[in-house]
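In what comes next, subunit A is part of two complexes: it sits with subunit B in the first one and with subunit C in the second one.
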Partner chain A sequence: MLVGTLVVFFVMKAAPGDPALVVLGDFATPETIAKFNADRGLDAPWLMQYLDWLGGILRFDFGTSLSVSADQDISALLAFRLPKTLFIGLYAMTIAITLSLILGTLAAVNRGNAIDTGATSLAVLGVSMPDFWFGYMLILGLSIGLGLFPSYGFIPPSQSILGALHSGFLPALAIAAPMAAVFTRTLRTALIENLDREHVMVSKSLGHSGRFTFFHHVFRNSIIPYIVVVGLQIRYLLGGVVIIERIFGVNGVGSLMVEAAFARDYFVVQACAVVFLAIVLGVNYLVDLICAMLDPRRAR
Partner chain B sequence: MTVPLLDVKNLNVTFQMASGDLPVSSDVSFTLEHGKVLGLIGESGSGKTVTSKAILGLLPSVGTAKSDFIRYKGRDISDLPPHEFDKLRGADLAMIFQDPVGSFNPVKTIGWHFRAAGRVHPEGHGDIAADAAEALRKVDIADPKTALKKFPHQLSGGMLQRCLIALIMFSRPSLIVADEPTTNLDNLVERQIITLFDKLRRDIDASFIFITHDMTIAEQISDDIIVMYAGQIVEHGSAKALMHAPRHPYTQGLVKTARELEGDVDTLTEISGEVGTGHWPDNKCRFAPRCPHYQAACDHAVPLHPVAGHGAVRCVMATDKEATR
Partner chain C sequence: MKLNALIQNRAALAGSTITALFIIIIIVGPMISPWGSGAFDFTAVLKPPSWSHPFGTDSLGRDVLTRVMEGARISLMISASGVLAAMCLGITAGLFAGYLGGWLDAIVMRMVDLLFAFPAFVLALFLMVALGFGVTNVALAIMLVYLPIFARITRNTTEVVRGDAYVQAAQVMGQSTPRILFREILPNISAPILVQASIAVAFGIVIESGLSFIGLGVQPPTPSLGVIMADGQEYFRRAPWVLTMTGLTVTIALLALNLLGDGLRDLADPRLKRRDA
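Showing the complex of A and B:
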């Protein structure tokens, strides 16, 4: 996490552009720029700036926005935006996991026949489609074409859960599709590998039904590599969120990050990056915990 | 005459491969009487395992078994629907596989395996946990209560093998197929396991099909022996007859090598050539290309025919008159 904050901070410092110029515009004089920087501590040595910023993070204080939402507390900005992003992210994850559990299991059980080919082709399609393209296709088809879903804008879950589920469906699906494809393939491969294990045959030879054997000897074991991949895909999910929020006009952390980057609002970009970093690390830690619980060979 | 425990007639197993149908076992027929041990011998790919799996309905999805009948206690089980077969497996028919480590689900405890087995066949079990501990004690596991709490990777191969034997015998099956159960163990442990097997088998009054490629073990444990080559039975008789007066050239080769292994020799006799896989000819002796006694008659179909005072042999040279060669 500490290494992550270092990278986030210094990459942003190395980025071109000066926030003072963006905020003060064409009428900026060297004096007003110097004052702007001094007010916000931007004239201090980088190391001091970093330590100052890091200290703030530990108190959940990300500083104030420079240009995107001038002089607003970034923590408040995040508190307003983050729930929407988390909702879309969880929504997408739920769709991806549900789809892949069904498709992956169907494919593995029907290995080699038409159902398997269908599910696998769908998965290849999902992996090959760029998510932004798929997003536009969804808008074209389901929104403009059939009028089933709104093409732009998002009703936050705090206002209406149903509204959020409805208006968030397309962005969530756009993010979920490529992930569902990866999950499906992972699950299918793991299931097929475990189907051939000797303990599966032993279970059958002891008189256990096909269903019992599949659940306890095949699915139960395959879910471990599956969860590992789900955890790894979190990074992809967040990347997708940034793009898809822009396309569908979801007022979340992803679009905040893009807006801030255009406005050279380093503090906001950094804050968003740190939030994403915390999510990725948190999820990976959780995945490790779950895996240790599910697989005694990993537990200490 | 009483009904035999197992009566198999003309069992043929075919694998549907991308390259076409591959026969892996042809016209296998035998009977097994209650309480007896049948040794099944042959090299890898001779059809021993496939034959046994076909009997238990455990063939992989690419495999198809066809037979006149497979009768277990007089009931034809060759066409049982899956849920009927589930009832039979475990409590009546069971199989022990080669790899004790792979036979246990690595993410479940030993105790879980016993509880699951006890749930599917609750007959005869009072307290499953106590019975499981007792079963482990019988296979010389010193601390059964602790062993039941362990995961497979926390036990040694030899211990797992004994746990597996206890697990398979837990539901008191009448017929156990043991597929090279000692292949992965060292010699000393192998002897112990074989002895243990035999003792437990008598305890629960089970019959055995014992698959091995080791003639000495087969002789030690079996009443009758079947030798398979290239998917066919080439010789079938009492263990004594086969080991002391083998009639098929292939059996003779196996016995000779086994005797040499027991003695102290520098070189072992090798049966030259390889068995190859699949697409064996139907109209001539499949062993002919490797046989030291090859003759023109071998180029015609050779049936498995009874030989007086011996059993059955699939060789043109084996006749009632000629006792030894």
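Showing the complex of A and C:
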């Protein structure tokens, strides 16, 4: 994490373009630039600037925005936007996991027949669709065509949970589809591998019902690779969030990062990158914990 | 990998056929198309798909199919060059790290972990801001996204085979380390790398079109797939076919590359294939 912040900082520093010019525009004189840099502490050596910035992060203080919303606290911006991103992310994750548990199990149990072929084909298709295009297809079908969901705008969960679930459904589904596809394939492969193992045959020969055998001996053993893949996909999820938020007009951290990228607001882009990094590392840690809980052999 | 086995594997066969067809179409297509990719026709603006314009026309009366073929070539070239660069650097780093181990391995793998911790698209976006927009930088961003993946795969497989008899034999014969790495080890671990490469090219196209779609990648008038889709998105309600048809083309291309990757993986790992059959 520490090294991550170091990289984020220095790549941003090495970037062409001067923050002072972004704010002051073409009419900047050397004097106003110098004054701006002094006010922001940008005339200090890089190392001091980095330590200053790092110290700020630890206190959740990312400095102030340059151009996206001038002179506002970036932490305030993030605090306002992060809950929406987290809501959409969790929503998408829930959809993806639900879909994949159903499809993956159906495919594995019906291995080789039409249901398996159908679920597997759906999964390959899901991986192959660019998520933003799928988002537009959802808008075309469910929003413009059937009028079931709004095509733009998001009601934050703090205002109305139902409204958030309704207005967030299409963006969440667009992000979820490719993930559901990956999860389905993982679960199917894991289940099939376990279905062939000896302890499953023993359980069947002991007269245990098919359902008992499946849940106690097949499913439990398959769930760990599944969870590992779910954890890995968090990177994908956050990447999808960036574009999808932009398309559906969800003003979360993802769309903030894009806006900041357009406005060349280096500080905000930096802060967003760090937030995403922190989420990924946090989830990875959580996955490790869950796996250790499910499989004591891994807890060493 | 035997050609026979390739033909018998349905996924690989379908994937490689469609991919090959696709490449032929995007090279030959613009040449035989009656329309130029940049030719305006203000008498035929936003026309829905028809026989003369199978994908319809855009807001400047340009033939969308011709533009998609042009764009697919540009997107594929960006993605493939990014992935190729990632392979060169990643494989080299992975080979040395996996073979020599020790501090070199530790440093390389820490850097890989670091790059790996960023969401691919966030990393790409971040680099676009840092480097500026444009074709070369999109390819560079794709390279940095895939570099850690190739380095990790190569390193892990190298570590597995480095004690094998043929490697020991080469060592005893006094071959130089680079020679052992590239002539002895690399050919033996190429299968998983090739699988990854076909999938990486597919997702490289997604990264390119995603970046260009939100306006942070390839810039118009260069017609990459993302640029065409961004254009179509602006008048999506009036003329949904521009975005729909372009995206459909991307989906089919990715489907082919994914099938090819899946097929190659099954061929490289016979254990999985036999069980499924």
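Heads up, the rule we're going with is that the second predicted complex is superposed on the first by the 300 of 300 C-alpha atoms of A that agree within 3 Å, B and C clash if a C-alpha of one lies under 4 Å from a C-alpha of the other, contacts with A are read in each partner's own complex, and residues count from 1 in each chain.
Heads up, the rule we're going with is that a contact is a pair of C-beta atoms (placed from the backbone, for glycine too) under 8 Å apart; a residue touches a chain by one contact, two chains touch by 3 or more.
This structure is a prediction, so every number in the text was calculated from the model and none was measured.
When the two structures are aligned on the shared chain, A:122 is found in touch with neither subunit B nor subunit C.
Using the contact criterion defined above for the overlaid structures, shared-chain residue A:197 touches subunit B, although it does not reach subunit C.
When the two complexes are overlaid on their common chain A, residue A:102 makes contact with neither subunit B nor subunit C.
Of the two partner chains, subunit C is the only one that A:264 touches; subunit B does not reach it. Shared-chain residue A:295: touches subunit B; no touch with subunit C. When the two structures are aligned on the shared chain, A:221 is found in touch with subunit B, with no touch to subunit C. Taking subunit A as the reference, the larger set of touched residues comes from C, when subunit B and subunit C are compared. In the superposition on chain A, A:205 makes contact with subunit B only, while subunit C stays out of contact range. When the two structures are aligned on the shared chain, A:82 is found in touch with neither subunit B nor subunit C. Within subunit A, not a single residue is touched by subunit B in the first complex and by subunit C in the second. Interface residues of subunit C, counted against subunit A in their complex, comprise 110, 114, 116-122, 125-132, 202, 206, 209-210, 213-216, 229, 233, 236-237, 240, 243-244, 246-247, 250-252, 254-255, 258-259, 262, 272, 275-276.
On the side of subunit B, the complex with subunit A involves touching residues 56, 58, 82-83, 86-91, 93-95, 97-99, 102-108, 116-117, 120-121, 151, 153, 164, 167-168, 171. Contact residues of subunit A toward subunit B in the complex are 197-199, 201-210, 212, 216-217, 220-221, 224, 294-297.
Against subunit C, the residues of subunit A that register as touching in their complex are 3-4, 7-8, 11-12, 14-16, 111-112, 124-125, 127-130, 132-134, 136-137, 139-140, 144, 189, 192-193, 196, 234-240, 242-243, 246-247, 257-258, 260-262, 264, 266, 269, 272-273, 276-277, 280-281, 284.
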